[in-house]
Amino acid sequence: MCRWLAYSGTPVLLDTILYKPAHSLIDQSLHSRLGVETTNGDGFGVGWYAPDIDTPAIVRDTTPAWNNRNLRELADHISSPLFFAHIRASTGTAVQQTNCHPFRHDRWMWMHNGAITDFHQVRRDLALAIDPGLFSDIEGSTDSEMMFFLALTFGLEHDPPGAVARMVGLVEETGRRRGVEYPIQMTVAVTDGRRLWAFRYSSQGSSRSLYYSTQVETLRALHPDVAFLRHISDETRLVVSEPPGDLPGAWNQVPESSYGVVYQGADELHVFTPAAG
Amino acid sequence: MCRWLAYSGTPVLLDTILYKPAHSLIDQSLHSRLGVETTNGDGFGVGWYAPDIDTPAIVRDTTPAWNNRNLRELADHISSPLFFAHIRASTGTAVQQTNCHPFRHDRWMWMHNGAITDFHQVRRDLALAIDPGLFSDIEGSTDSEMMFFLALTFGLEHDPPGAVARMVGLVEETGRRRGVEYPIQMTVAVTDGRRLWAFRYSSQGSSRSLYYSTQVETLRALHPDVAFLRHISDETRLVVSEPPGDLPGAWNQVPESSYGVVYQGADELHVFTPAAG
Amino acid sequence: MCRWLAYSGTPVLLDTILYKPAHSLIDQSLHSRLGVETTNGDGFGVGWYAPDIDTPAIVRDTTPAWNNRNLRELADHISSPLFFAHIRASTGTAVQQTNCHPFRHDRWMWMHNGAITDFHQVRRDLALAIDPGLFSDIEGSTDSEMMFFLALTFGLEHDPPGAVARMVGLVEETGRRRGVEYPIQMTVAVTDGRRLWAFRYSSQGSSRSLYYSTQVETLRALHPDVAFLRHISDETRLVVSEPPGDLPGAWNQVPESSYGVVYQGADELHVFTPAAG
Amino acid sequence: MCRWLAYSGTPVLLDTILYKPAHSLIDQSLHSRLGVETTNGDGFGVGWYAPDIDTPAIVRDTTPAWNNRNLRELADHISSPLFFAHIRASTGTAVQQTNCHPFRHDRWMWMHNGAITDFHQVRRDLALAIDPGLFSDIEGSTDSEMMFFLALTFGLEHDPPGAVARMVGLVEETGRRRGVEYPIQMTVAVTDGRRLWAFRYSSQGSSRSLYYSTQVETLRALHPDVAFLRHISDETRLVVSEPPGDLPGAWNQVPESSYGVVYQGADELHVFTPAAG
């Protein structure tokens, strides 16, 4: 439905990651290979952390990424050590800025690819489960924003994997109560500006594609001639819906029902299991 | 906050009403005189009934009305016997198409000027009062759309004045429970394509301006030289936030706490009293 | 580069032609089969003649056609006996309303698929050839609008085939002077609201696809069960970049280097030869 | 017609200058006091230099500045030592990104408030005077962009005051040949990323307003309590169409027919005289 990309590591110009690679994310907005939809032209968003500012900047627009000149300008002039980018293929909800990813809450960012099945049927039940103190901050009409608010309700800011597990648990329980066989399909990225979590899960056990980049050290050994690899730290990591570039050995599939954590230190990969909402 | 206009009568080019008059609605988007805001540049909408089609066409955009070329094109080429037009001044909610008026449900259209006070505080309570079968059709984030859905929940399609009275009653009751002194401020227009209802009410008894045009017959006697008046039927009526044109004797204020009904036959003016939600 | 459609005949809801058919023009905005680009998401336009108004209405927007709700509204509510629709795939020029087709001059409309090769190199020379009285009306930056203004300069309003022939002649002569081997590639539709001309030509003799619909009478005999065909006049004709629908026998390729004329009476098909500009 | 602001000095968040002051530029987009138009809602632009990149970033949009969330995001997260901001009130030309200021050529930025009188009449003559090698880079339809391209033609990159003088000379000569009494009205800002030139001139000798900020040292003495002044260098300077803020002694009118230069070292103020085009 959508495609996304999360970068963490040595500060780079957004252009380096968003536009430069063959089959870049921007190229995927026109010609996705692995997505359910080949065109992701229903808006886009980019969110990045700037030096000395806790809250990320988020620029979103309803136009296709491929022809947006402002995105091109930003990519050419902004460097960041941690940024998200998302291109949207709407499954029917309105093409409006408040439905574009990433979503933000204080220093947190969230983006999603996938869907809550028959969202129209469960939207009200899920909305009622949102913390009343957060409810009025909902601005759009997507399942993705709803998932974010549910995760916030369940303590995202203190225990991201636990909160996401409870969110998924609630969505599955609610969907099944309505007779939906496979209530959720998702890859999700979430960050607080320091750590980055990436989830891959679907009720059916057949989730949307998700990849993480190979350790920089390993890649450097494989490709001693690639200049870019010499200029980034060992900690640099990319998580993507669909691999850009054409570097052999660079990409690894995130396993079904699992999540990864990227941060200063050895990254982690864990099994993901929904919890009771 | 906004300005609106509702026309019912002899089919005319939208241009005749929207652009042609001195101080027209489109001019008011730049320079309103009676509004709380002098600029109404946060989007617009126009809705009209076409021959042999029950459901109105609704075109809405997030740009200012004054510079929108597509609106100009439509106004120059579309005639209708019943149409709404609305220019928006956002009080903070997102500038997006789904927050632009008029709103539609089947053959019904709704538009609003005013606000639910401290909407952020009561949004959830009001949302829960919406018919669960309608809840998922909410697309935007405005108080105006919420009011429409509450009115639909309370039977708008069968008894518009009764449903609006219950909607207002609920908003006042909910607001007061939260300590809001004057919970609602509104002028509302609603139509099913045949009849047109216009409401003016505020909890404070100091409502936004609302005017209706003088009977065509009377106007013709006053202004025998005005060609336009000779080409429209006796039944033609305009209801507006702010009078366009400069025809003496043409405009009458809708009294506080009242509503009017425009339809084939003698129009009506009634007292409006909120009812228990 | 783009796709377009021109309809002339019995007044129909735009929806009937733009959205209803399998592989409709709107569907082609996401998934074109015959175009150089598979996605035509860089804006769209629709122009139609309304009863008793000489000048066509033209609505254009920079968003993809497939997700534009206003286009959907218009298609559902506007009928016309003669309309154009165009979806754009920019080859680099800005995505802006004034670069969207159709273009208009008084009662005339013009739309184009193709390109002037190396337009950047010949733009100034061509601009100088435009009638000085028309020059300042240029609003955009496309080769397509330039072609329109050149055709107007060469007498489009009096002799469309002659004016288009001289326009093409000038473009070829100018391009060749700059060392361009194949200076032009085009399918063009032009109308004055009564007649419709459609041109297919390229310097290389390998032009973009263009089709016209089979005579209604013949189609009715082939498909006696298709209700739509019983409700349209014998004179009804469609010219398209890429056939919508799946009716066997419905579509005929416009031959290379030729143009057709659609009007009240027997339609015509002629050889097209560029003339000295 | 428009309002603009140019900042040079200690790197600051754009927010500090664009949003924070009372009667800020963003506020002027809704409520200008000194402009010919009180509303400047026909698009905006912001251009800034980022560290280690010669070419400025330019973000422009066709929406009003006051409700644009992306501008708000950028202002909250981007710091720059030299930036331009512009809000537009169109005098008829299309509201499109390519008509928004600032304009860019390599490392140069240009923005303008004012108009070439009867531009429609002289547009072709002026276009012909543009260096043929630059002609095809024109993207929009404004007089402002034309002035920029003429100044580039006349050597802007080597001698900005001389090139602007010749541009104005040509516009006046061309206009007068067409019977225009007062051919130009302008305030212009131009920069190469190091120096900033600001021009105020009109053929009538009654130019649009333009102000420059008082020397920081002097302001500090006047307002020892204003924290902001302690955090910026002595070299910091602001040039604006209309003063934001309410600091007594902060603003000085640029005299009629003059231009200033802001750069590292003592700034300059000179008489401006048009030269033969």
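First chain written, first letter: the chains are A, B, C and D, and each begins at residue 1.
Methods note: a contact is a pair of C-beta atoms (placed from the backbone, for glycine too) under 8 Å apart; a residue touches a chain by one contact, two chains touch by 3 or more.
This one's a predicted model, so the numbers in the text were calculated from it and none came from an experiment.
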| item | value |
| --- | --- |
| Chains contacting each of subunit B and subunit D, listed by label | A, C |
| Proportion of interface numbers common to subunit B and subunit C (over half same, under half different) | same |
| Separation of subunit A from subunit D, taking each centre as the mean of its C-alpha atoms, in whole Å | 39 |
| Shared interface positions of subunit C, touching two or more other chains | 69, 94, 97 |
| Footprint of subunit D on subunit A - complex, ascending | 48, 50, 53, 55-61, 69-70, 73-74, 76-78, 97 |
| Touching residues on subunit D, where the partner in the complex is subunit C | 93-94, 96-98, 119-121, 123-124, 127-128, 132, 135-136, 138-141 |
| Residues on subunit B engaged by subunit D in the complex (per definition of touch) | 30-31, 38-39, 41-42, 62-64, 66-67, 69, 90, 94-95 |
